[in-house]
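Each of the two complexes below includes chain A, the first together with chain B, the second together with chain C.
Take a look at the complex of A and B:
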């Protein structure tokens, strides 16, 4: 049975686990129909031209993990940003792990999608925001929506500065021989509120794991959302991350994506600007090797005047790894005086590595500043000679240059401990001791 | 200390150095002058080990060891330093971290332990004072956004930190105003001693007022056509290179 058929037939089992009289279940049913009609994307779809899911879809994934695996904090501590105080929402094989989580707070709500979908207290929020910006025509979103049940639900009411970052961690244990996880997250940040979120998917097994995650983020007037994605998973784990952000007037949202591991990673990241004086930032560092594959598919939709967007993606590709950057900027006719900046710089360390970079600008306004630049190259030989002439050997010199190349993306990371951690991950990834504290 | 014998070097089959002979002893300062395109910077790069150039004939001997097959970093470990005409900008790596890496890699190559942090800091403080550098400068990204003068000052600071046996200063005076020239030359002069040597490569005589050479060599079309003392530099300043070109033709 194909994975699609398996999913379709599993829906009846899924319906036993949820409240089918809930309004959300109508959305699930509609979504399932769309998934049934469209199926998984193939390379014939323009947006999937360079990324094939075929090899992932062959696995016989479990769709409903049987039980929560008992994980000890000490086993997984290293995957947390643990040297600072944070709120944590932890899932193990898609099931909430309360003993690993820390969500005690009184000014805002950080809880589970499963409770948000059932408690009347949260009904207005769900009615207002759930599945409102996830594109309806995407079969992967539809698949996630059809099976939406669990994930992080973060609701920050007006005028709240969340005092600590919130970490969302998704572990998979290998309890099942192959596992499909579909987290569904919703983040609503009301007027003048601020939040920082760190999201990580981490497999603890060599068994195949496929995560198809959907996160909807709403930033109301003057809200600030600072979101970090750490993608440093095992070579057996793949991730399709669908993140959609809607911003209102004067809000400021940034998403940093660090793609350092995993088998196949696809990031669909869409920003929709719905008011004036909005600032959107999309930054990414990709460092991969072997046969790893990372695909960044971004959209910034400028629908109002006087807004800004900044995209800066850097990639370092070794061996036979493949990178894709497809960055679309859409500027509507009314969106005058906007400033949209896009940059994608890549280094191919091995001549067998590949990067497919495709900027796509669709501009219907006439008084705007849009710039884009894309470079693909090798390391600067003159710079390498400079380092060698100071006694730094070639291997270390190359690592230092790669580090320097990726570094300016890190400058805008606002959590110092996270910045330090990413720095260490990058140094480790480049397999070198740079001789100084990162 | 350094003996260069009949050195020929090419880039992409074009011969740039056509038989250079040069001997530099400890404690000496040599200057190489010459017009644009004479091969001055190539000579500096070839001694330092830049791979773009192929040594087709001749020898480069540092303290009785032939080094022309060594990598640039290995030459640096043996005490060769090149102050770049155009230092490269490396964003994200601070001057301090860069120096720590360079010093500790050199120590590692010599089988020494890493320099203790306190000693490193003391050394950085001393040497930055020698070059009259602002402390803030040390935590900036290497050469990024530095003015021409700051870049050259930073080069000499690196020289002070690495304490090379042979320092090659490639057009160190270019882009410097008088104050920066004074600071940079003072730095070089204070670093001079009986055991090290300096090779100054320059287009103009100006720098040689500050760093006094024991010998001056004129490079024309890939060959040293004349050698002398510092008076030769003055004559070049007054009369240019044309008389030497004629002499070379007449030879």
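Take a look at the complex of A and C:
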């Protein structure tokens, strides 16, 4: 039985686990119909031209994981950003792990999607925001919506500055021989509020794991959202991350994606600007090797005048790894005085590595400044020679240059501890013992 | 006297009819509409082609039948009904002239309206013109001079008769019949076109040129051009197009194949000014062209195009850089106005070592038009030290038009160096103000700025063409900025 059939037939089982008498369930039913009609995307879809899901879809995933595995904090401590105090929401095999989490209902709400979907207190928010910006015609979104049940729910009311970053961690334990998890997150940041979020997916097993995650983020007027995604998973784990952000007037959102591992990673990151004077930032560093595959698919939709967007994606590809960048900037007719910038730089370290880049512009307004650049190249031999002549060994020299190459992205990470952590991850990735605290 | 304002100019341009829209009344020998194997056979028979050519056409026709019309391009149009087209139309008196005096005066009149007086070209420009009018070549000049050098420059039908070994060897070698829908159609029904062969080590002493026109109502134009530059040779080939005004859409599906053998160089320049439809977007030519060149070792192919016409353009002159050290270049200006749609660009396929390619594309959109750049740069795993530089700039005039960029970049070799950059902008008010302040009126200022914007490409055109191209740019764009 194909994965699609399996998913379709298990929807009845799923209906036993959730409340079927509400509006959300109507959405689930609609979404299931769409998924049934469209199925998984194939290479024939233009957006999936360079990324095939075939190798992932042949696994026999279990869709409903068994009960929570008793996971000790010390086992997973290293995956937390533990040197600063944070709010944490932890899921193990897609199920909330209360003993590892630290949530709040004080000034703002950081809790679970499952409780937000059932509590009357959250009904207006769910009605207003749930599934409002995730594109209805995408089959992977539809699949997630159909089985949406659990995930992080973050609601920040007006004028709240969240005092510490919020961490969302998803662990998978290998309790199942193959596991499909579909977290559904919703982040609503009201006027003048400010939040920082760090998201990480981590597999603790060699068993195949496929995550199909959907995150919707709403930034109201003058809100600030800082979102960091750390993707440094096992070679058996794959991630399809769908993140949709809607921004209102004068809001400021930034998403940083660090793709350092995993079998196949696909990041669908869409920004929809709905007001004026909005600032959107999309940045990413990709360093992969082996047979890993990372695909960044971004969209910035400028619908109103006087906005800015910045995209900066750097990639370093070793061995037989494959990198894909498909960035799209769309400027509507009324969106005059837009400043959109898109840059994609890549280094191929090995002859067998591949990069496919498609920076795309679609512009209907005349008074705009839109530019994009894309490069593929190597490390500068002369710079490397200079470093060697100063007594820095080749390996370290190369690492230094690569680090410098990615530094543009790292510079704008606003949490110092996180920056340090990512520096360490990169150093480890490049197999050097440099702290890069230069 | 009232000042001639920009609005007046705009009005004048909007109401201005297509300058080259006239219809030459030459009795044509036209086939019944529709397409089937019999028509293909009939075309082949009419042209007295050998058996292998007929078979080649039929094979293409069978492939075409199994294919579907592509719809991935960023253009919207009503698909032509292929059974509604007459696939062959030739001027009735099929003359072979040695001198201009013998040419039908009406035809000569047409050319002088187009500003391409044959004798002037002959005397001043030193251009040998193989004039293609409604698919059959009716006049060839400078043939003797070329023949001395061993250069073959004739219509493709003549080449099939006289040089079958060359045609057989090279036709379909770069653009095979099954390449795409329109190439297959062209392979099946091509009526005529040009053939050019430059022997080893010969540098062609003059620019070779062809003018295409679509004349007869309801006839499709299916040109087939084949240029072969043998080892160490050089040729510069010019292609220019104007088409008379027609109300229904006309289809133009040409195929151009260039073969540059070791150390050869081909420079192929096009000025395309088919009828773009009127200000309401009615009528106009559909231009679905497949152009591709193959470079062997150390060879160089350079495409230069100025696209101002056609209602819908779908054109990607490409280079397959097969040989080591080969070079591909693409310089393009695409101008769209009113309801025109253009989806154009190039493909650079790097196969050999140390191959280099340059892409400079300038898109100018005005009115309600849509202008897309679509390009592919592919570095294959064996293409060591391949180098590419791409630059795509778009200029928007008015807020009703759109500019789109779809660059595909695929690199499979670590030594590859690929750079791509694109910008979109409009003519700055400060730039116009500066010109005004120096006594240059707005209309001239725009022409000046557009000229500057397109200069990198215009510079690549041969002299005579550059002048014509500048004129075309002005006609297409003046007054489109409010």
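As a working rule, the second predicted complex is superposed on the first by the 433 of 438 C-alpha atoms of A that agree within 3 Å, B and C clash if a C-alpha of one lies under 4 Å from a C-alpha of the other, contacts with A are read in each partner's own complex, and residues count from 1 in each chain.
Just so it is clear, a residue touches a chain if its C-beta (ideal position, glycine included) is under 8 Å from a C-beta of that chain, and two chains touch if they have at least 3 such contacts.
Bear in mind that the values here come from a model prediction, so they are computed numbers and not experimental data.
By the touch criterion stated above, A:95 is placed in contact with neither chain B nor chain C. Legend: residue contacts after superposition of the two complexes on their common chain; A:346 is shown touching chain C, with no touch to chain B. Contact with neither chain B nor chain C is seen for A:303 once the two complexes are overlaid on the shared chain.
When both complexes are overlaid on chain A, the residue A:396 reaches chain B alone and has no touch with chain C. After overlaying the two complexes on the shared chain, residue contacts for A:8 are found with neither chain B nor chain C.
By the touch criterion defined above, A:385 lies against chain B but remains apart from chain C after alignment on the C-alpha atoms of chain A. Taken together, the two structures place no residue of chain A in contact with chain B in one case and with chain C in the other.
Residues of chain A that touch chain B in their complex: 380-383, 385-394, 396-397, 400-401, 403-408, 410-411, 434-436.
Partner chain A is touched in their complex by these residues of chain C: 72, 379, 381, 394, 396-426. Within the complex, the chain B residues that touch chain A are 48-52, 71-73, 75-77, 81-82, 84, 87-88, 90-93, 97-98, 100-106, 109, 114, 158, 162. By the touch criterion stated above, chain A contacts chain C in their complex at residues 46, 333, 336, 346, 348-378.
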